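Two complexes follow with subunit A in common, the first pairing it with subunit B and the second with subunit C.
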Partner chain A sequence: MMSINMQKIVTLGLGGLIFLFFAAAPVLLPLVTNPFWVSIAAEILIWSLLAASVNLLLGYTGLLSFGQALYFGVGMYGVAIGVSKFGLGFWPAFGLGIFAGTTMAAITGTLAVRLTWHYFAIITVVFSLIFYFIALTLKSLTGGDDGLAFSLPPMMTWGDWQIGLTDPNVQYYFVFFVVAACFLLMGVVLRSPFGRALVAIRENADRAELVGFNVYLLRLTSFIFAGFLAGTAGALFALFGRYASASYMFYHVSGEAVVWAIVGGAGTLLGPIIGTGLLILIREELSLYWDHYLLLVGAIVILTVRFAPRGIAGFVIDLVAKLPAEHRRKSENRPKKREAAE
Partner chain B sequence: MEIVVALAINGLIWGLIIALIALGLSIIFGLLDVINLAHGDFFMVGTVLAWFIVQYTDSFWLALLIAPVIGLLFGAVIQRVIIKPIQNAAALTIVATFGLSIILQEGVRATFGAAPKRLMPPIEATIPLFGIEYELYRIVAAAIALACLIAFFVFLHRTKLGSWMRAVRHDRETALSLGIPVGQIYTITFAIGFGIAALGGVVAAPITTVDFRSGIDILPFCFMAVIIGGLGNLQGTAVAAVLLAFLEGIITAFADPVVARITSLCLMSAVLLFRPQGIFAGATA
Partner chain C sequence: MSGSAPVLETRALVKRFGGLAAIDGVDFHLPEAGRLHAVIGPNGAGKTTLFNLVSGRLRPTSGTILFRGEDITKMKPYSIARRGVARTLQIKSVFNALTVFENILTATQAHLATRHFFRPATSFHETTEKAEQIIEELGLQEIAKHTAGTLSYGDVAMLELAIALAAEPSLLLLDEPICGMSPAETQRTVAKIVDLSKRLSVILIEHDMEVVFDVADDITVMAVGQILAQGTPRQIADDPRVREAYLGHDEDDDWDDENIASVPIGADVNG
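This part shows the complex of A and B:
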């Protein structure tokens, strides 16, 4: 089908642009503005990974999770506790964070994906609230509301010389490569038969079941993968901020991630990064001039849901795909045959 | 021992108020199939409206009358403008109500201010109760909440509008074919949901603090009542709210309030997983 091909081209083009922009950000941004924006760019990258985990579930599996912050928070604590309590080095701590987030998703997921729709949305919130309150009470381990700060171990040492995230450029490119790798992985996975099966479940779970897919297992795998993405984001954010806090597990953080995914475009690979970028920019820039910028955020959410339910990315893809398609329809009639063949 | 009694009574009173708010959540879910994440903020708007009305008119009882009416109007407008166009997409309505929640909280912060304020109870007397001096207003608040609960169920079962609402919930298509104005029933239901949450807010305002964030705490509690009582099971919701608050009140007497909260959340997930129809299903119609 023509529009699918166009969609692929638009996605690739858009993805290339976003990739180039973030790759060049540490060089470009200080030229035109305050270097502080480089760290905002890193933050956008990290949070977009959390939005991507919402997107994988909502946009590709048809499950709305309002509890992804749990796996983000667990990822954060994996790193923070690994460094400050177990004395782990950089890479083991990073690995522990990702592992902890993924494992938490595997455990809670086995229960949660038994439910769908409303019930699924509610139980994900409930699980995240339970662990949020647990983290608040275990003050000796988690630091409760105040959080747990730690000093950053170096990434590599050779004698006296060491390299670590204390160098802002190393920090930025570390975040950049991890996030880029995760998005690439997600793109590959979604293109695989597994990813197609997820979309089949999203469209109609009953039919997918009848065709022979193990819906429960596929949903669970998707949930664990989403937990992996959220956990990685949390581990990155802990390293980025050098601390972990229970407040990041609260359902408002999950809600924000849902907002980013929806505004950017759920069901598109790049939607989350666009949505996260836009809303964090609004937060950072507009909040300087207008204390009540959240009113605008709320309005954007409602307007998106109402007028562009596929978000900004979906809107752009549809728009671009429509333009040349009209030209083509006049000149050739081959697409029809191809459609029939498919 | 006095503390246990006081906390248990507090829990009971809170439970009655929560029951009122949770009923709104439950009818909105049962009829419109909308999970309303802004429902806690409907309550919060009620407390803030009470504060403003008391400021300008100096009468709490006037607030008790006016605030729910304003809530009804807000609810009707919100349903028409925001919910109705996306009625058929469940995920989108959840997200839209989250956006609404942001707007309500920030709107209140912009107008009312970020600092929590206290509203003096309209009745300042205390009465002796099981050996403790208990604030009389709290008893009155519980009585008001109970009266409203009863009035709501009478409305639902004894009036034409109420039976229409039940009919739409039971079978939308048939209701439509019998000439019931389903679209309007949706609007009215959402309006009533906002209205009784606001009413709960007014009743609770002198007991708690008036704060733009108060909805954030109340929302999970309302959801617990709705889930444990059974989604859409209104009597179950009311009973569950009272039981839960009572239970949390008693646990709070012996342990950290957070432990109480974790206990009820675990109870809620067990119900969701093993008895999604709620613990009272089968017992009540």
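This part shows the complex of A and C:
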């Protein structure tokens, strides 16, 4: 139990550091580098939410989804269609995006979570392909290949004065607070009896069912929550880019999120943000000089899976948590040995 | 606990896998609470299939299963578990990544999982106390903080029993609980099972005849999907049909030297 508590402390510390870094990014980054990195930081935050959605399923429920991009894409379209077709304001459109992503997860989830393992992975890909092609076909609604651009409504108007995402700082902190709130929510939910039940299902679904867990309902709820996270990420990304496109529904995007989650650490709350940050950084920097940078990404994935199954976050947490524990054990053992010798 | 309804009753229970009837018309009757009932029989007799039907892991082809008077034939395993039927599996398995305490705490909170999404799991004191009580009852204090995945086989079996008790069952189905245990672990586990059978109904599938005839109040003998005989250990030991089913014809070849002295019918446990 001692080491578990240490893990919690280390997680909190790590979370605090990440929080502070991203909170200070718009001020700090322009001091040391090109200001465009602030918007990369915002992108990392948004995509980390998609990775968190994968993580909730893979790391905490034991379900590998290759289709989370679908709910991301639906979240994007919820916002874009809300603004450009229904003439919604900022908040209702944002809400519609989240709602659309979550609802899509609820609908597809009722079928998907009846399956597990590779069957589950396959059906999630199939769903995202189906809706990807539907979105491509419905040109009048979705813009097809071109996507659907819209002009950003203001967040708030006060007479002549109005505030909105056109202000880069407002945009960054809007993304920051929504993402922070989602991670906080996920952290709280994972500590609840519901969250503990998900871990039980991940560990041993058969046993969980025999103990009295409604495995199907719990998996479905987890899937819907994951859809909510992905949908929120998509809604944020639509507002961030002022457009929606079916290309973000493609399973290629889902696969990237799976890689981010695994490298960062599936089954750790903060893993997704670390993995997403690292790999987007590699993409932004390395792709300029080296066309085949994905080879490096592949190598990183293989090394993580082989040597750090709980990803970078898990590796760091275990390492830091172990140090004081080792120390303590040694000091505890010493007097005992003496007793035994006597 | 219940009034007049029997703890468990199956009526004309049949389970077919393709052409094979694994359970072929079983009328099983467990009248009283608080007894240790053993189910024995050669491999392939349908013992585990019977457990799988009662716990809802398999749907019967036909027939009815009543638990304390309620028809549970078509219920899902979790639903049956919530009503008070707990079971362990032949191949022991727990929640490996969790500590022993967390394993048991999680199990005590099964009924909270779809209701509480925001309150910390550790803040439900009733369930925490319950988990601590089970730890104490089964003598797991020393390994309470160990990760389940690192436990010895015997300890995993004990933890599985602890998890089964977390749901406060009134019927406990144990599938070869002492299989693979050391003699010391066997003794400890058997003592615990006997202890438990004083306050709840236990049905035990076991191949170790020495244990079965030593501790069971009643014994059901199954063979090829049917109930061959039912009675007290004494009656079963004297039953010629049981001798036939277990020993076949050529007794001398099947006798196991170690078992002769203590086992009434000198059964071949490896069937």
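Here is the rule we go by: the second predicted complex is superposed on the first by the 332 of 342 C-alpha atoms of A that agree within 3 Å, B and C clash if a C-alpha of one lies under 4 Å from a C-alpha of the other, contacts with A are read in each partner's own complex, and residues count from 1 in each chain.
Just so we're on the same page, a residue touches a chain if its C-beta (ideal position, glycine included) is under 8 Å from a C-beta of that chain, and two chains touch if they have at least 3 such contacts.
Everything numeric here is computed off the predicted structure, so don't read it as measured data.
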item: Which of subunit B and subunit C A:V38 touches, first, second, both or neither; value: neither
item: Which of subunit B and subunit C A:H252 touches, first, second, both or neither; value: first
item: Partner chain(s) touched by A:L165 [first = subunit B, second = subunit C, both, neither]; value: neither
item: A:V189 touches, of subunit B and subunit C: first, second, both or neither?; value: second
item: Touched partner set for A:V74, first subunit B, second subunit C, both or neither; value: neither
item: Touched partner set for A:V211, first subunit B, second subunit C, both or neither; value: second
item: Greater subunit A contact set [subunit C / subunit B]; value: B
item: Which of subunit B and subunit C A:A93 touches, first, second, both or neither; value: neither
item: Subunit B partner contacts - residues on subunit A that touch it in the complex; value: 58, 64, 66, 111, 114-115, 117-119, 121-123, 125-127, 129-130, 133-134, 136-137, 251-252, 255, 258-259, 262, 291-292, 294-295, 297-302, 305-306, 309
item: Parts of subunit A lying in touch with subunit C, wherever the complex brings them together; value: 1-2, 4, 188-189, 191-197, 199-200, 202-204, 206-215, 217-218, 221
item: Of subunit C, residues touching subunit A in the complex; value: 55, 57, 76-79, 81-82, 86-87, 89, 93-99, 101-102, 105-107, 109-122, 124, 144-145, 160, 163-164, 166-167
item: Touching residues (chain side subunit B, partner subunit A) in the complex; value: 29, 33, 35, 37, 82, 85-86, 89-92, 94-96, 98-103, 105-107, 109-110, 216, 220, 223, 227, 231, 256, 258-259, 261-262, 265-266, 268-269, 272-273, 276
